[in-house]
Structure formats: C-alpha cells, structure tokens
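Shared chain: chain A. Partners: chain B in the first complex, chain C in the second.
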Partner chain A sequence: MNPAFRAALPFFALSATIVVIMLLIAVRRDHRLIATVTVTGLLASLALIAVASPVAPLAVTSMFLVDPFALFFLALVLLSTIAVVLLSYTYLEGTGDGPYDEYYLLLLIATLGAAALLASVQFASFFLGLETLSIALIGLIAYPRSRDRAVEAGLKYLLLAGVSSAFLLFGIALIYFEFGTLSFAALGRLWNAAPGAADLYADTGFAMLLTGIGFKLSVVPFHMWAPDIYEGAPAPVTGYVAAVSKIAVFGLLLRYFVLMGGYRDPSLLRVIALVAILSMLVGNLLALLQNNVKRILAFSSIAHLGYVLVALLAGSMIGFDAAAYYLAAYAVMTIGAFGVVTLVSQPSDGQDTDQLDSYRGLMWTRPWLAGAFTAFLLSLAGIPPTMGFIAKVYVMTSGVGNLLVWPLAALVVGSVIGLYYYLRIIVMLFLPAPGVTIPCVTTRLSWAGGVTLGALLVLLVVLGAYPTPLISAAHVATTGLAMFNNNIHTAANASPP
Partner chain B sequence: MNITFYLAATIAVLATVMVITRANGVHALLYLVVSLLAIALVFYSLGAPFAAALEVIVYAGAIMVLFVFVVMMLNLGEIAAVREAQWMAPRIWIGPSILSLILTAQLAYMLVSNEIGNTGRAVVDARAVGLALYGPYLLCVELASMLLLAALVGAYRLAETGRSGVIKGGH
Partner chain C sequence: MMLLWLILVPAIGGLLAWPAERLRPSAARWISLASMVVDLLILLQIWQHHAGPIDITGGGRWVAMLNIPWIPQLGINITLGLDGLSLLLILLTIGLGFVSVVISWSEIGERVGAFHFNLLWTLAGTIGVFLALDLFLFFFAWEIMLVPMYFLIALWGHENRIYASIKFFLFTQGSGLLMLLAILALVLVHRRATGTLTFNYFQLLGTRMNPATEMWIMLGFFIAFIVKLPAVPFHTWLPDAHTEAPTAGSVILAGIMLKTGAYGLLRFVVPLFPLAAMRFAPIAMLLGVIGIIYGAVLAFGQTDMKRLVAYSSVSHLGFVLLGIFAWNTLALQGAVMQMLAHGVSTGALFITVGALQERLHTRDMRQMGGLWASLPRLSALGMFFAIASLGLPGLGNFIGEFLILLGTFRLHPVFAVIGALGVITAAAYSLILVQRAFHGPPRETMAAVPDLRMRHLAVMAALSVAIIGLGLYPQPIFDVAAGGLANLQSATHGVLTLAASDTGSKRAEGGSR
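Showing the complex of A and B:
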C-alpha cells in the first residue's frame, strides 16, 4: 500500500462515512441506523489510526503532516465525537424537531475539519480545516430550529466566525506578503534567518493570526461570544464546541507556534502570557456572577484555555506533554459536565435545564447523575484523584521549570476563585429538594447516555489515579514536536550573533 | 505603473463603504456588484487574470442573480411598480454607474497597453491554477468540497419547512 495513502486512511474513513450517510439519507431516513453508521465510521477511523501510526511521521502532500502528534489528538477528537453522538441520540429524539439525520452529517464534517486542522502544516489547509469546522458548527448550534435561542446562537456564531476568519485571512495574507510562503516550517526558517528585525508587516500578520485563533479559543479579550453561544446551543453541541473545536484549534496553535519558531520571540511570548493571565483571572471572576450552569461552564472553559496556554508558554518537552494531557483531561471533564446537563434536560421543553436553581436537590432525586456531576465539577476545580488534578499539577510543573512567575500566580489565584463557583453548584446539588416533587424523578436515564457518562467517569478517576498510560502516549505524540523545537533552538544558538 | 491597482483598490473600498451605509438593500447590492468588479480588476492588475474572471463570474454573477431574485420575489404587485419607477431616479444609479465607468476605462486602458501584472509580480494563468489545484492542493480541493457540503446542509436545515409547509423557526 502506498504509505501516503496508508497515513491518510483515518481521514479517508471519516470522509467515506460522510458520503455513506448522505447516500443513506437519500435512500431511507432512519435515525437509529444513521447514528449507528456514524459511530461505526468514527470507530473505523479510530482503528485505522493504528494502521497509520507505523508510517508516521509522513507528509501527505505539502499540506498535511500525519505524525504521532496529529494522530494522538485525532484519537482524542474521535473519542470525544463518539461520546457526543451517544449523548445526542436520545436528546435529539426528545426535541421532536426532526429530521435528525443531517445532525450526524454536520457532526462528521465538523470532525473532519478538526482532523484536517490537527494535521495541517500550512496556512491553506489550516484555513480550510478551520472553516469546515466553523461552518458545520453553525448548522449544529442552530439545529433545533424551533428554539429561538439556538437560532440566535447560530447567527451569533456565524458573525463571529466571519469576523475571526477575516482577521485570520488578513494575517495570513500579510505573512505571505512578507515571506512568500504558506508553509509553517518554511516561515520559521525565513523568520529565523532575519533575527531581531522588527518588521511591521510580519508583526501585524502574526498579531492578526493570533487574534483569529484567540477568537476560536475564546480566550480573553476575545471571549465575549462564548457564554451566549454556550447557553443557546443544545447541550450536546455545547459540549462539542467546548471540547472538540478547542482541542483542534489548540493543537494547531501548538504546531504552528513550534514550527514558526515562536519561542525565540520574547514579545510574542509576552503577548501570549498576558492573554493567558487575563483568561485565567477574567474567566474565573466572571463565572462568579452567573446563575446559569451553561454560562458558568462557558467561563470555566475560558479559564481552562488560559491554563493550557501556560503549558504552551513553557515550551519545553514537559510543557508539550502537559498541554496534551491537559487537553485530554479537559475533553473528559467538559463533555462529562455537558453530558450531565444533556441528561438532566427535558429536550421537549424547548430549552435546556440550565438554571442553577433547577439543580437544587438533584442528589436526592437523581443521585447517579448528581454524583457524576459532582465528580466532573471537582475535576474541573482540580481536586484529586481526578484527571483535572493531575493535569493542573502537570501544567504547574512545566511552568515552574521555566520560571513563568506571573502566569503561575494567575493560575493559583484563578484555581482558588474557580473552587468557589464549582462548589456553589455542588452545594446546590446537595441542598434539600424543594417541596414540590420534580416531575423528572421518574425519568429513566437513556441507555446510550448512561453508558457514555459512566465511561467518562471511569476514565476521569482511573486516568486521574493512574495517569501513566495517557502520559506516555502524550509523550510519544509530542516528542517529534519537541525535537523540532530543540533543533530550532540549537540552530539559533549556533548561528553567529 | 501601479496607478491602475491603486485606483481599482480605492473604488473597491469606496463602493464597500457605500454598501454598508445604504439603508435600502437593493441600493447596497448595486454598490456590492461594483465593489466585486473593482476587486476583479485588482486581481487583474496583480497578474491573476484567471482569478479576476472567476471573481466576475462567481461573485458578481451570483450577486446579480441574487439581486434579480430579491427584486422578483420580494416586490410583487402595484407597489413594486411604483418602487421600481423610483429606482430609475438618477441619484440611485449615478453613483454605481460612475464607478463602473471608471473601472471600464481602466480595463480598456490595461487591455490596450497590455499592462497585465504591472505590479511586478509574475502572471498566473488558468493553466498554472489548474495544475496547482490538481497537484499539491488536491486534498485541499477535496476538503473544500466538504466545506461546501456543510454549508449546504446547514442552510438546508435552517431554511427547511416543516411537514405543514410552515417555516418552523419563524413566529
């Protein structure tokens, strides 16, 4: 088999699933069948990662690089998508706003966009992957059309995606104008060749590129959209936006930053440090003021992206490992938390159960769900023995090793503030139930949703108590990246001043 | 000389400012067409005649179709006739017409003086674009097809009418 074809197999499997689902929709609309085919396709793509990994790292055309880094994050994205599909199935039926089949089509296209982002080593494929992800997300966010809030959130995301794409494109155009290349690695070489020269076009280009990426990651000061869209979107889609789209964009940012040699530019690092500090402080402080669980989780995700940026700033081997582990933990906790919101909600109500008051006494009416929610929230707060704790310790370690004093101080302060609002939700769960018995007491947990939540819970605790397998997998994934980074460093040091 | 480039670029910016400041959607569309034509001329002066042609065919062409649809579907009956008579007033069409005339003169000048690619960049013709798209950029073309599919499915979902024939989202 052609090695390039073999390396691209996981991506082809995703694309093939999209085509198969389109044909299925044309022949017969059957929600259960289409959901099954979606999960099968995602599992097939996951299995093909094992086929692709022996030939990695391998460049598939000059646009994509299939390396352990891309494959690790691809596996993370695929697993998260499977969890979202399983959570969505019963939820969608509950909305009664069919047909449901296009939902899976959009979800798979968004995942393909995320996969393309993770393997991109060039601006053209980066932009196309990002657009594929964003455009599919607009359809997903506004999918329950009978909900005005969802349609409104979709429109907001459309405008925001347009604005951030405009920034990105202008930034890419300026960089191309200055360096005449679209490849990250070639850009890194050319930029290294001209050290110290402050160039207006290049700096503006880098700044606009970071602005566009900042919008997608919803880090402060580009965060204002996140709470509204998280609130309006249906809960499983919110989980997807919070986890998968951010993992994909962060993976790309990490690769871009290493390949273009960003660690040699102190001013670029200072800007990212400022963004990280602001995200951790502002995200956590604004979460204090909210009474809506989805909005609280939105601000919490802003803060979490700030934590991961600290790992990116560290720029060492341990920093990359910490970022990879943190994103895996973040995926489990976020999808878990939004999974609980999905399962607590009655989709036929026309909106999700997201008011803090409606969680009052959940522990006494639906103990399993409330217990799971408690675990996910504790993990988000960084309490042992969960993945969130290990992840935060890992990020701290990487930051201490590189003397990032201010970001670390912000991380500590942010975590302490965060503890308050996570505990506020948990206290609400344990308060005595209101006098009126909640009608949803008799609601049975959906089979798919229950299994998904259980699996996430097991992962949360097992990988929190025994993180070695995940850490070694993350280490394999980031080794190539770290080697590249070190080569740049040594090359820069070796060159005469 | 770069003067053709700067002139076309200025017209593009001017026309776009007019697009976003017009209260009437149809008037804005007129300026939008001019803006797209000006961008096509920018491409042409930069040495990308194929991109210029695509800009005219895809954007200006598609926008024109949209324009016709807006007029046809939203304005039916007596009121439409009156409104259309108002559109014939010179103050509506004089602005876009002048800008278009300048663009036409510029295009004629560039064709006569054979000044393609006058900004010093290499000329990229249709053959080069095709070779790039079906060579190194093949996977990107495929990805773009998925991007368009997502847009199509999303738009279909949002615009789809329910079984009763009523648009569900609208109240």
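Showing the complex of A and C:
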C-alpha cells in the first residue's frame, strides 16, 4: 500500500462516511440508520489511526502532515464527536422537528474540517479546514430552526465566522506578500533568518492571524460572541463547539507557533501572555454574574482556554505535554457538562433547561445525572481525583518551570473565582427540591445518553487517578514538535547574530 | 502495602456505605463503624510488627514505608511513611472518626448513606495527609479531604450552612493552590540543582536554594498551613464552618482537620526550609501569640455556645504554632500533646453542644441556664471538658500548654509570658460557659428534656478516660512521638548548626577586625 495513502486513511474514512450519508439521505430517511452509520464511520476512522500511525510522520502532499501530533488530536476529536452524536440522538428525537438526518452530515463535515486543521502545515489547508469547520457549525447551531434563539445564534456565528475569516485571510495575504510562502516551516526559516528585519506588513499579518485564531478560541478580548452562541445553540452542539472546534484550532495554533519559531519573539509571547491573563480573569469574573448554566459554562470555557495558553507560553516539552493533556481533559469535562444539560433538557419545550433555578434539587430527583454533573463541575474546578486536577497541576508545573509569574498568579486567582461559581451550581443541585415538581423529573435517562455520560465519567475519574497512559500518549504526540522547537533554538543560538 | 490499606479501608467503606443505605439506614452506620475498627486493627498490627522503629538511610526512624510508582513521567510516586508523629495523629483520626459515627447515629436521619460516604472519605483523605511523603500525593490527599467536608457542612449543617461551607472551601482551596505553586517551585528548583524531577520528600530535603527563593517558597507552604490551623488573620472561616457543621463535622474539623495544618508545619515547612523558617520564626510565633489572646477574647464575647468553642480552638492552636516555631524538643513534645489533647477535649465539647442543641434546639447560652437540674450527666461532662480545655493540671491540655511555654521561654521569654496570659483567659471563657449554661436557676421550658443516652455516655466516658490518661501519664505519648520528632529535628539539625557556625565565624572575623 502506498504509504501516503495509508497515512491519509483516517481522513478518507471520514470523507467516505459523508458521501455515504449523503446518498443514504437520498434513498431513505431513517434517523436510527443514519446515526448508526455516522458512529460506524467515526469508529472506522478511529480504527484506521492505528493503521496510519506506523507510517507517521509523513507528509501527504505539501499541505498536510500526518504525524503523531495530528493523529493524537484526531483521535481526541473523533472520540468527542462520537460522544456528541450519542448525546444528540435522543435529543433530536425529542425536538419532534425533523428531519434529523442532515444534522449528522453537518457534524461529520465539521469534524472533517477539524481533522484537516490538525494536519495542516501551511496556510491554504489551514484556511480550508477552518472554513469547512465553521460553515458546518453555522448549520448545526441553527439546526432547530423553529427556535428563535438558535437561529439568532446561528446568524451571529455566521457574522463572526465571516469577520474572523476576513482577518485571517488578510493576515495570510500580508504574510505571503512579505515572505512569499504559505508553508509554516518555510515562513519560520525566512522569518528567523532575518531577525529584527520584520517590518510593518509582517507584523500586521501576524497580528491579524492571531486575531482570527483568537476569535475562534474565544479568548479575551475576542470572546463576546461565546455566551450568546452557547446559550442559543442546542446543548449537544454547544458541547461540540466548546470542545471539538476549540481543540482543533488550538492544535493548529500550537503547530503554527512552533513551526514559525514564535518562541523567539518576546513581544509575541508578551501579547499571548496578556491574552491568557485577561481570559483567565475576565472569563471567571463574568461567569460570576450569570444565572444561566450554559452561559456560565461559556465563560468558564473562556477561562479554560486561558489556562491552556499558559502551557503554550511555557514552550517546553512539559508545556506541550501539559497542553495535550489539558485539551483531552477539557474535552471530557466540557462534553460531560453539556451532556448533562442535554439530558436534563426537554427538547420539545423549544429551549434547553439552562436556568440555574431549574437545577434546584436535581440531586434528589435524578441522582445519577446530578452526581455526574457534580463530578464534571468539580473537574472543571480542578479538584482531585479528576482529570481536571491533573491537567491544572500539569499546566502549573510547566508555568513554574518557565517562571511565568503573572500568568500563574492569574491562574490561581482565576481558579479561586472559578471555584465559587462551580460551587454555586453544585449547591443548587443539592438544595431541597421545591414543592412543585420540575418538568424533567418524569423523563427517563436515554440509553445512548446514559452510556455516554457513564463512559465520560469513568474516563474522568480513572484518568484523573491514574493519568500515566494518557500522559504517555500525549508525550509521544508532542515529542516531534518539542524536538523541532529545540532545534530552532539551538540553531538560533549557534548562529552568530 | 498495609499503609495503603489504612487509606483504602475508609475509602472502600465509604463506597459501600452509600448503597447500603437502601437495605437499611443503619447498615451504612455499621459499615462505617466496622471500617474504623478494621483501620484501627491495621494500625495496631503495623505498630506491633515493627515495635522498634526501622532506620532508613538518610531518612530517620520510620515505623513503616511504602513506595510504588504512580505518574513516572512527572517523578510522582505513592510514597507513604509512618513515624511516631503520624502514628499518633492517625490514632487520633481513627478514634475521633469512631466517635463521629457513634454520635451521628441518632442525629443524622436523612440521606444516611451519603453522609457516611462523605465522613469516611474525609477521614481517608486526612489519613492520607498524615502518611504521604510524596509532595504531590500529599497535595492530592489534602484536596481529597476537603471536598467531602464541604458536602458535610453544606448538606447536613445548620441554618447558615451554604455561606459557611463556601467560605470554608474558598479559603482552603485558595491557600491550597498557593501551596501547590510552592510545591512546584520547590520541585523545579530541585530539578535545576540536581537534574532529577521528583516530588519525593526525602530527596527534596536539603535542596539548596538562595535565601530569597527559600523564603518565598516557604511562605507558600506556611500560608496554606496556617489557614488550616488556623492562625490570625486567616481564621475567619473557622467560626462559621464549625458552627454550621453537623456535630460529627465539627468534631472532625476541630479534632482532626486543624491538625493537618500543624502537621504540615512540622513535617514540611521547617524541615524543608530550615533557614527561612528560623528567620521567620519570630513572626510566626507572634502570630501564634496573637492567636492565643485574640481567640480567647473573642471566645469570651460569644453567646452562641458553638462559636465559643470554635474560637477557643483558635486560641489553643495558637499554642501549637508557638511550640512548633520554638523548635526544641520540649516545645515540640508540647505541641504534639496539645494537638492530641485539643482533639479530644474540643471534640467532646462539640459533642456536648450538639447534644444540647438536639434537646433544646438552640445554641444560644442566653436561653440556657440551670441545666444541671434537668441534665445532670450532660452538664457534669460539659463542665469536665470545659475545665480540661482551660488547662487544669492533671488533664491533657495542661501538659501540652505547659511544655510549649517552657520550651518557648528559653528562646523568647516575652512570647512565653504573653502566651501564659492565654491560660488565664481560657479560664475566663471556659468558666463563663459553665456558668451560663449549667448553673443558675433552672428554666421551666427546659425541665422535661431527657439526659444523655447510653451511646453518648459511653463515647464521653471514653474521651474522659483519654484526657485523664494524657494528663496523668503522658510518657508513652512522648516515647512514641520522640522518634518522629527526632526525624524532623535531624533533618534541620545539620543545616542549622552549619548556619550558626557560619554566622559565628563571621562575627568572629568582624570582631578581630
């Protein structure tokens, strides 16, 4: 078998599933069948990662590089997508507002976009992947089209995606104008060959690129869209936006930053440090003011991206490992938390159960769901024995190792503030139930949703108490990146100024 | 391996107790009781098997040790060690854990399984804190004991429980993160010096660093521990948390959890950062003295009986802080004795208040009075422990306070003199408690309440025996503690003598010039 073909197999499987589903929809609209095919396709893609990994790292055309880094994050994205599909199934049935089939099509297209992002090593594939992801997301967010808020959120996301793409494109154009290349690595060589010579065009280009990425990651000061869209989108989609799209964009940012030699530019690092500090503080502070669970989680995700940025800032081996572990933990706890919101909600109501008051006494009416929610929230707060705890310790270790004093201070302050609003939700869960029965008491836990949440919960605790396997995997994934980074440094230090 | 079981038994017991509630509510109680008994047997077995402490090269005298890898990528192992100090504190933990289960028998009627799950997990975390010799594991256990305690207060507490529990959590968690930063800083400083990434306590002992770094890292640990202790000015979470917690929660909080702060100071702050700790000692002792007086004055002003006892804890643990930073054998033995005696006497006082509240539905001493007539047993026991708490000779607290003051006097007579005033103020608040609640003309509304039942009576009798034993024949405790304290002092001894000879020679040089 051609090695390049072999390396691209997981991506092909994903694309083939999309085509199959498109054809299936033309033949027969059957929700259960389509959902099954989707999960099967995702699992096939996941299984093919094992086939692709022996030949990695391998460049597939000049646009994509299939390396352990891409495959690790691809696995993370695929697993997250499977969790979202399983959570969506019952939810969509509940909306009673068919057809449901295109939902899976959009979800798979978005995942393909995310996969492309993770493997891209130059601007053209980066832009292609990002647009594939964003355009599919617009459709997903506005999917329950009878809901005003969902349509509003979809429209907002459309505008935002347009604006951030414009920034990105213009930034890419400026960089191309200055350096004449689209490849990250070539850009890094050219830029580092002439240190200090970078002029206005290049600087503007870098700034606009980071602005575009900042929008996608919803870090402060590009965060304004997040709460509205998180609130308006149907809960499983919110989980997807929060986890998968951010993981993919962050993976790309990490690769781009290393390949272009970003660690050699102190002013760039200062800007990112500022963004991280603001995200941690503003995200956590604004979450205090919310009374809507989805909005609280939106602000908390802004803060969490700030925490991961600290790992990126560290730029050491331990920092890359920390970022990879953190993103995995983030995926589990975010999808878990939104999964609980999904399962608590009564989709036929026309909106999700997201008011804080609706969660009052959930522990005494639906103990398993509330117990799981408690675990996910404690993990988001960074309490052991959960993945969130190890992740936070890992990030702090990388930060202390590189003496990032202010980002660490912001991390500690942010975590304490964060604890308060997570506890607020937890306290609400445990308060005595109000006299009137809440509407969600009657529904039983759906089979698919229950299994998914259970699996996430097991991962959360097992990988929190015994994180060694995941750390090893993350380490394998980031080794190439870290070695590349070191080589740049040693080369730069060796060459005379 | 037995050491790990010490932690696992309550943890597994907790996991069993939760679902056992469905069979019968009392099943959860019996499981908790059983796991405490099993834990005690394990501890005694370990103690028996290793009657003489074993010497570990470079590590001092330990009764038992365990080391298995956990997260090798970060140099984290499950390292547990038992010496005299941890043995005594774990004994206290198991004893008070047993007491807590018994006194909750009738008090906790709702969600019994969940209650015992949280109770046992708190205890498991605390035992973990007393055993952990890997700094990451220590922090892990430190956090584990926090969450169930939060739920104990928030779910089974009194009127203002939500506020109190969140305050408790924020204070301890915030200071915990500071400690985590300090741990990481220490580990990375050590890695820079030696090239190995490790969280192991023995390897980190004697890490070389410049004085400023040492001071900053030491402060990170110090603040985390004195928040828990608590010392002024970080004590404000304590009165709220203790007052709002259910009786068993108060007993565990005051009796055991506060000791984790003192234990941290003993085990980590001074041995890991001997020079910084010695430079900082006057300030720490000052905080201790302020705590003694301030806690006593505030205790005197309370009308809520539980708040009074809570503030008295601030005062008593001020003595412990004073003793730890005096860092000589007398004061350290006193601090250990004070920790044990305070655990027993304050635990008993909280049980008294809890029993009163169960009967009178108030903790307000202005509404009590003359209880001796209707509740003779309860009142007598209450008075006994109030007097123990004021430090009457012959009872445990006296030994502790006396030794601490004696040890401190040799170093800082001023602190010792001011601290001794605390003994007088303790008499004032303890006696006013007795006077207001138990003496005076009986009130009619309180005539018909039943006195202590057998279950409570048995627990209180056991605690009385313990406190008298500590007071009359403290030598066995000193013997057990001596090994542990020798470990700690030997860790600092070399560094301190070296530093002393350094400054001495400098002074000599200065003189010759």
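One rule holds for everything that comes next: the second predicted complex is superposed on the first by the 495 of 497 C-alpha atoms of A that agree within 3 Å, B and C clash if a C-alpha of one lies under 4 Å from a C-alpha of the other, contacts with A are read in each partner's own complex, and residues count from 1 in each chain.
Going forward, a contact is a pair of C-beta atoms (placed from the backbone, for glycine too) under 8 Å apart; a residue touches a chain by one contact, two chains touch by 3 or more.
Note that the structure is a prediction, hence the values are computed from the model and not measured.
Once both complexes are superposed on chain A, the partners chain B and chain C fit side by side without clashing. Contacts of A:Met483 after superposition on the shared chain: neither chain B nor chain C is touched.
When both complexes are overlaid on chain A, the residue A:Ala193 reaches neither chain B nor chain C.
Ranking chain B and chain C by residues of chain A touched puts B first. In the superposition on chain A, A:Val405 makes contact with neither chain B nor chain C. Legend: residue contacts after superposition of the two complexes on their common chain; A:Val393 is shown touching chain C, with no touch to chain B.
In the superposition on chain A, A:Ser15 contacts chain B only, with no contact to chain C.
Applying the stated contact rule after C-alpha superposition, one finds that A:Leu289 touches neither chain B nor chain C.
Looking at the shared chain after the overlay, A:Ala50 reaches neither chain B nor chain C.
In the superposed model, A:Thr468 makes contact with chain C only, not with chain B. The superposed arrangement places chain B and chain C with a least CA-CA distance of 38 Å. By the touch criterion stated above, chain C contacts chain A in their complex at residues 70-74, 136, 139-140, 143-144, 146-147, 150-151, 154-155, 162, 165-166, 169-170, 173-174, 177-178, 180-181, 184-185, 187-188. Across the interface of their complex, chain B is touched by residues 8, 15, 18, 22, 60-64, 97, 102, 105-106, 109-110, 112-113, 116, 124-125, 128-129, 131-132, 135-136, 138-139, 142-143, 145-146, 148, 151, 154 of chain A. Against chain A, in their complex, chain B makes its touches with residues 136-140, 142-144, 146-147, 149-151, 153-158, 160, 168-169, 171.
By the touch criterion given at the top, residues 321, 378, 383-385, 389-390, 393-394, 396-397, 400-401, 408, 412, 415-416, 419-420, 423, 427, 430, 466-468, 471-472, 475 of chain A touch chain C in their complex.
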